[in-house]
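Letters A, B and C mark the chains in the order given here, with residues in each chain numbered from 1 onward.
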Amino acid sequence: MTSEHAPIIEMRNIEKHFGSVIALAGVSVDVFPGECHCLLGDNGAGKSTFIKTMSGVHKPTAGEIMFEGKPMHFADPRDAISAGIATVHQHLAMIPLMSVSRNFFMGNEPVKKVGPLKLFDHDYANNVTMEEMRKMGINLRGPDQAVGTLSGGERQTVAIARAVHFGAKVLILDEPTSALGVRQTANVLATIDKVRKQGIAVVFITHNVRHALAVGDRFTVLNRGKTLGTAQRGQITPEELQDMMAGGQEMVALEGSLGGTV
Amino acid sequence: MTDTAQTPEQDERVKEISSFRKALIRPELGGICGTVLVFLFFAIFAGNSGMFNSQGVLNWSTVSAQFMIIAVGACLLMIAGEFDLSVGSMIGFAGMMIAIFSVSLGWPVWIAIILAFLICMSIGALNGYIVIKTGLPSFIVTLAFLFILRGFTIFIPQQLENRTIIGGISDAAEGDWLAPLFGGQVGGWFFEFLGERGLIEVFERGTRAGEPVVDGIPMLIVWALVLVAFGHFLLTRTQFGNWIFAAGGDAEAARNSGVPVNAVKIKMFIMTAFCATVFATCQVMEFGSAAADRGILKEFEAIIAVVIGGALLTGGYGSVIGAALGALIFGVVQQGLFFTGVESSLFRVFLGVILLLAVILNTYIRRLITGER
Amino acid sequence: MKKTLIAATVAASAALTGMAAPALADGERYVLVSHAPDSDSWWNTIRNGIALAGDQMGVEVEYRNPPTGDLADMARIIEQAAASGPDGIITTLADFDVLSGPIRNAVDSGVDVIIINSGTPDQAREVGALMYVGQPEYDAGYAAGLRAAGDGVESFLCVNHYISSPSSSERCQGFADALGVELGSQMIDSGQDPAEIQNRVLAYLNANPDTDAILTLGPTSADPTIMALEQNGMAGEIYFGTFDLGENIVQGLRDGVIQWGIDQQPFLQAYLPVIVLTNYHRYGVLPGNNINSGPGFVTADGLEMVERFAGEYR
């Protein structure tokens, strides 16, 4: 895609060891603003470790992280968040019992000062929430609707919209579509597309090749703690991606017996 | 795919909800229904038993106000995801501290009251700190303090005074500037006016013949109303209120979003201790004595009021107004059953039935609101 | 949901009306308020006493108590009773500070009050009550102490199961004063649980084997104490006196485990006030003085009547 401007985040030869276990053995990935970079890999390939390193949860054993051209050392996730790296986890930071607008501003409440009191500015929160949700294509019954009444896809969208609203430059989505139905998956993919068009770099982790191909600009496949290379959109077929993820021959045989449906 | 963005479609499976129904479905709904039912019930069965004359109204209002004071603390703490079982013992302990400082040690009453507040709020903070640091359920930690505080409440006066009831606080509080804030009354002139006009009953004999039987609103009731208003405001209108909900809804998710969950929980433990001390101070100033058995089982009464009011036992959901209504229901039922002349040992049966009905109704309402399954 | 609620309410109200309409004769209504928690079985005699008097005189009687024994709750119950406009209130005066205000208010608003059981005749006069029916606690303890001193007792254990009530401690204090010894740690806070009381008595006697006598303050502490003595073999050996009567205490008297029981005759404390109040309200007649319902010492002699009605009227 747009190779004329610099990557916002660049991970160079990242290694991560947990005791004697080598989770990552030299992984390099770069992400550009406005790009959806898909990170594919089977279970245990090292995807989670990699994004946790990117979001400041783990410190790399070796290798370096360049953020906006400068080397970065995140002490904890809070550092990464304030730098503009937001993660939307599989288990969302959402509280089902609370309303969408209270969830949206949880920890970042808009405050209206009345004398010495810090009041929660409900009008502002409600307006912003409704507006952001409308932008993402979700029509809420009202800002006081509880998150528990939303579908899984809608909750993902709320979490993504929240991260974007609070200034994320890099948005890491950890398997946002893994537990969703077809329709909801389509909605989440549409949301990703919108976020990308706002110039935000999206790192989309999945093990579903078709979801990746639907929105991805570039694709990096992780296998056993190593990258098997990064491919541009249009340079690779679904079958090739599937093969790289599964690691070759066995999958070909398996796929044959299943009639090419996987 | 991008087209869906501009015209978001309504999920056809989500029914449109009329604004009337929307206004109706709130956490307090169970409490409101219960209050209406309970008052209807007693209007029919105890309508002319004296329950609704001035003395009767004052009686059940005072009892309800007592429940409200501790229910506010318990409610906020429960929404923040924790319990405090030491409330009852704290009431006994706080009262005893005031009695010991003011009577046994002879210090001014206002110093005794302020010290009692400081000590009890520190114990509340300690409760919270232990819960946070050890990760133990607050149920267990505060159960320990239930025994510890009750033990001291019996031990200390026995050591100092050889008895477990310390009286004479009324004499000590004579002329004190802080004591009337807890044991006094307001609006006396209004009741005098009503009495003169014959609108409320007056004493028939004795030194106070001709004075109205109700000569003011006890500060206890004022405290209850102030605390309810404060709690409701804190919970719904402030940033801190959002943190209380978040801390109780899912502490981990709240932490991930930058909510200082530990500080919120500890502050709510302190708030609960504050409410218990207000209760104790009002009681001691009104009755003029402190006893080792004051406040027994009050923690459960507070929790029951909160649950009748629609709060979720596991936290993250509830309403202070609901809890206040729960306290009102509790107080009216407890005193009202006496007015109807029902055998008093059946009180618990009614309480159990009401609790069960309230919880069933509240669960139903909560599912409508939150989409829980 | 709604239907269930309505059905339940209807059922509850039906139950209530069924119970709420006791037979009225001449319409007088008397409320007895005690300070005892629900768990205290001794007060059953009181309930039977007012019920019998109510039947005999054809008046309506009610029994009220704070479920946990919290005296502050009791004050509210007295206020409530006064608000419900009865002809008379019969109440204990377990703590003068707490209860005097509500009682005085009841008296001033036109309700006649009789103090029973706890409190003193002086306090009863001070709150404006018609009379006091009961057993002066300190005097009863003192009388028991004199009797024990005569039998050669020099040290004792007082098993106090209701330590927060001043009148309980006064019994022990009177006993100690009559013996001429310091009360001090000879009075233990036993709690209300039978197993705990039993174990605490065992522990005390283990630690203080020279104890001459045991004083218990009612069936709540006497019954487990009997069990404790049977367990450690001191039953019949140690000098054992108790306040109040109950089935097991009567059996203990018969077996020689207990030397004497002090009967304050609670039946009279409940029965007489109803009779007195009814006659006062119907004919304007009133006895001229307080009534001492006790103390009376019950020993192994003449137990037959006591045994027959123990726990019911004795």
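FYI, a contact is a pair of C-beta atoms (placed from the backbone, for glycine too) under 8 Å apart; a residue touches a chain by one contact, two chains touch by 3 or more.
Remember, it's a predicted structure, so these values are computed and weren't measured experimentally.
Q: Just to be sure I understand the contacts, which chains border both chain C and chain B?
A: Chains that touch both chain B and chain C, as defined above, do not exist here.
Q: Hey, which chain ends up farthest from chain C, C-alpha centres compared?
A: Comparing chain centres, A lies farthest from chain C.
Q: As a quick test, compute the distance in whole Å between the mean CA positions of chain B and chain C.
A: Spacing between the chain centres: roughly 32 Å.
Q: If you average the CA atoms of chain A and of chain C, how many Å lie between those two points?
A: For chain A versus chain C, the centre distance works out to 73 Å.
Q: Measure off the straight-line distance from the CA centroid of chain A to the CA centroid of chain B, and report it in whole Å.
A: Here chain A and chain B have centroids separated by 45 Å.
Q: Looking at the complex, which residues from chain B come into contact with chain A?
A: 1-2, 4-6, 8-11, 14, 17, 22, 236-243, 245-246, 249-250, 253-254, 256-259, 312, 316-317, 369-372
Q: Please give the residue numbers of chain C that touch chain B in the complex, ascending.
A: These residues of chain C touch chain B: 1, 4-5, 8-9, 12-13, 16-17, 19-20, 22, 38, 60, 62-65, 67-72, 75-77, 79-85, 95-98, 101, 104-105, 107-110, 128, 163-166, 169, 183, 189.
Q: Quick check: in the complex, which residue numbers of chain A touch chain B?
A: Within the complex, chain A contacts chain B at residues 77-78, 81, 89, 92-98, 102, 105-109, 111, 117-120, 122, 134-139, 141-142, 146, 148-151, 186-187, 189-190, 193-194, 214.
Q: Provide the residue numbers of chain B that touch chain C in the complex, in ascending order.
A: Those in contact with chain C are residues 33, 37, 41, 44-45, 49-51, 53, 55-56, 58-60, 62-63, 154, 158, 162-165, 167-170, 201, 203-209, 213, 283, 287-289, 291-297, 335, 338-348, 350, 353, 357, 360-361, 364.
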